[in-house]
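The same subunit A turns up in both complexes below, where it pairs with subunit B and then with subunit C.
And then the complex of A and B:
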């Protein structure tokens, strides 16, 4: 079920909310938690019930494994050690992810290298597998390292499948979530949380349906016609995707945070105005923050700590390896690997610059370089093949210059330079309004407070009610032509 | 070992890692106060504290060591176990 659908907004969400708080008001704690589990499983199964057993087995397996690590007594008669239990857990979780997500990619590339003809498996990617795998891996590692105390199975299940964060994050950590699900205080309806929840949900919904979905049509058309784009169209295509990506993903996150807040659950912040970043290190501290924290904690740090002596060069190696893995996590394709590797190189460059350069770069130049780097690398992220990415990129540099025909009378002196005057943006299925949208998007990402800043200082008031209502109604009126969220495919 | 003693040893570790013999730390000192306190130096700090006190931090704890106070508190907690 999509957050931006009538059935979610008008049936599923109100029903789960009212029944939950009816049960808690009757002090039926277990029943209210069982209700949350039931609604979340229903939400998950709405697309495809076939993978429901998979997620249930995964939860049961990881919980049991964690429990055996907690109860583990070191004993020389043991057949396996506590470390073996963790290894089994890591192998099975990562193995499951590899099997469903990467097998066909490996087979395809093996077939190319060996000129073999191994048939593809054509498995549908189980929804949310990339996210619940990470969350449970963190839980296992922490159980092994003694950070997990005796936990309740019901709370653990809710932590993994709580519907607001189930499909596309934020990636939550058991240490910040499970105490919230266990807290009795959180079972009392809180009107401030409800109004703040609606507020940020409406912002997210508007970001998604009014902004991201508009840019999506131009980005999709532009990438489909990547070979014939002129210079301005190529830039509009790539900027459209860059804006679509942010408004889509952060809009989804806002809706997740808002929906969770109705139940008094605070999900972690995932975006902090990433396109205001003035360096690529800065960017990763603002973009998909929960993924960055996970990668830093459970990938980068163990790589680095495995060296006897830590040097700057080794840290840079660990940085690159972490970004490479992050790229691969996003999808089974060379384009994601290239994207991750480019960001890895950029992080290294940024670290070297910080360490060795004496030059103080102006803030504007730092922003300009960062934004353009993010914009260009997202072309690889979006493209269905490397050659498509190169087409868009080369047209951004060497495409024909075609300007709006009404400008011809003023700028006709440019004609000898190869500039022509026609209807603009034909290849991306747009008109000149694209230009205005891009300008507005720049103003929003650079000068507006982000939804988290707004929610943190949110007070219920008539004005905020009006904002929420306007954003909500405007979004609802545009809901009919809804599309899926980008991060559902990961 | 009391809090002052732990704090004094951690001060020495900070001076060593950040290569600054006059560095004075308080419980509130964090990455905003020391420009070169990045993810690499964070791990260097953690490794040195582990070696100095013979304790071991879990991966899941490192993100919570946001300032000197948190680092001292967790070290003391581990020493008392």
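And then the complex of A and C:
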């Protein structure tokens, strides 16, 4: 079920909310948690019930393994060590991810290298597998390290499948989530959270349906016609995707945070105005923050710890490896690997600059370089093949310059330089309004407060009521087109 | 303001607004998605479309058709062949539709209605594997197991729907005023201006207005020397319909040919009379195929079609397709010449048609 659907907003969410708090008001704590689990499983099964056994087995297996590690006594005669339990857990979790997500990628590349003809498996990617696998791997590692205290199976299950964060994050950590589900204070209806929840949910919904989906049309058309784009169309295509990506993903996160707040659960912040970043290090501290934290804690740090002596060069190697894995986590394709690798190189460059350069770059130049780097690398993220990415990129540099025909009377002196005057943005299925949308998007990302800052300062006032109502109603009237979130594919 | 008050006002406002908008749109029903006759006495003119495919689809299914005209915009521009199929006829044309869209629609209509005759206009470019489904084409709409939920949502809550409901209401205000003035003035009703007559008069006036606009447009196009080498022809068509990355390989259309064959078998199985023809295009288009390197595919297309079914071939060099004044643009025959096309398809010797226009290709045995 999509957050941006009528069935979610008008049926699923109100029903889940009212029954949950009815049960808690009757002090039926276990029943209310069981209800949350039931609704979350229903939410998950809405797409395809065939995936349900997989997530249930995964939860049961990881919980049992974690419990075994928590209750492990080293002095007992064991046939298996605690470390072995962790290894089994990691192998099976990562194995599951590889099997469903990467097998066809490996087979395709093996066929190319060995000129073989191994048939592809064509497996459907189980929804949210990348997200619930990460959360459970973190739980297993922390169980091994002795950092997990909670043993309640129901709380663990809710931690994994709580519907607001189940499909595309934020990637939650058990240490911040399980105490919230266990807290009895959180079982009382809290109007402060409910009003703030409506506020941020409305912002997220508007970001998705009014902004991201508008840019999506141009980005999709542009990539489909990548070969024939002129210079302006190529730039409009890449910028459209860059804005779509941010407003889509941060919109989803806002809706997740808002929906969770209705149940008094506070999800972690995932975005902090990433397009205001003035360096790639800064960018990764603002973009998909929960993934950055996970990669740092469970990939980067272990790689670094594996070295006997830590040097700057080794730290940079760990950085690159972490970003490479991050790229691969996003999808089974060379374009994702290239995207991760490019960000890895950029992070290393940024660290070297900070460590060795004595030049102080102006803030605007730093922002300009960072934004354009992100914009260009996202082309690899979106493209269905490397050649498509190269088509868009080459047209951004060497495409024909076609300007709006009404400008011809002012700029006709440019004609000898190869500039022509026609209807603009034809190949991206747009008109000249695209230009205005891009300018507005720049204004929003650079000068507006982000939704997290707005929510922190939220007070229930007439102005905020009007703002919430207008955003919500405007979004509802634009919902009718089925549009999945970009991160559902990862 | 207290949080509890904020929450309550927000919920009450939202519920009232959403409910009112949904009721209003349901009542006006600007796209004809709902099959009800509430206020149909007043709301007669519905000139606003959310998507062409959606409105024509619902118009067709609510008319319980027994005969279908299927094709792209070329079919849409032709007049209805009432002489040959007088009753229960729906023209479900879809601009720019590929074979996947067309065959899915035919299959759906056969599964839902007792279809007797189908006239199917085939375009060469519809077979191009790089011509994707139109964004407004919906498998959900054509899947009897899923129902029309998406369209209902759009028709109840959509922003554009609400705007179009207001516009539709405005377009029909005359009907309301008439009803009111009639109830106030019985004299008018009983003498020369009965409600029905006046409404028909208004309808006639609107129809005439539209017809004039259309004629004006067609005449304007006809008078201009149509330059088939214009940027529009060369940029629009090759980019959208005739991308030749894979289309230059004749085998690239095999999948679409199989779909056509399946429909022919389905029609046979259901005793449906099927009339297939290839749409006429101006000869400059046939030259364009050569320029783009897809002429081999074009020849293969006709050869393979003849292995599947009988069809009337209009898509060749003939006395009609050689004359650009017979076309609105490179690929759309003028509506006024539609009678000749149907005369050929239905073998009507009472109408004079050029001999070389529309050749019956019989299926290879």
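The working rule: the second predicted complex is superposed on the first by the 486 of 490 C-alpha atoms of A that agree within 3 Å, B and C clash if a C-alpha of one lies under 4 Å from a C-alpha of the other, contacts with A are read in each partner's own complex, and residues count from 1 in each chain.
In the analysis below, contacts are C-beta pairs under 8 Å (C-beta built on N, C-alpha and C of every residue); 3 or more make two chains touch, one makes a residue touch a chain.
Owing to the predicted nature of the structure, the values given are computational and were not obtained by experimental measurement.
Looking at the shared chain after the overlay, A:468 reaches subunit C, while subunit B stays out of its contact range. By the touch criterion defined above, A:6 reaches subunit C but does not reach subunit B.
Contact with subunit B, but none with subunit C, is seen for A:298 once the two complexes are overlaid on the shared chain. Counting residues of subunit A touched by each partner, subunit B versus subunit C, the larger count belongs to C.
Once the two complexes are overlaid on the shared chain, A:34 sits clear of subunit B and of subunit C alike.
In the superposition on chain A, A:154 makes contact with neither subunit B nor subunit C. In the superposition on chain A, contact is made by A:195 with subunit C only, not with subunit B. Of the two partner chains placed by the overlay, only subunit C lies in contact with A:476; subunit B stays clear of it.
Put simply, subunit A uses no single residue to touch subunit B in one complex and subunit C in the other.
On the side of subunit A, the complex with subunit C involves touching residues 6, 10, 191-192, 194-195, 198, 224-225, 228, 422, 426-427, 460-462, 464-465, 468-469, 472-474, 476-482.
Across the interface of their complex, subunit A is touched by residues 38-40, 43-44, 47, 58-63 of subunit B. For subunit A in complex with subunit B, the residues that touch the partner chain are 138, 141-142, 145-147, 173, 175, 293, 296-298, 300-302, 304-305, 310, 312, 315, 351, 354. Those residues of subunit C lying in contact with subunit A across their complex are 1-7, 9-10, 13-14, 17-18, 21, 132, 150, 153-154, 157-159, 161-162, 231, 235, 239.
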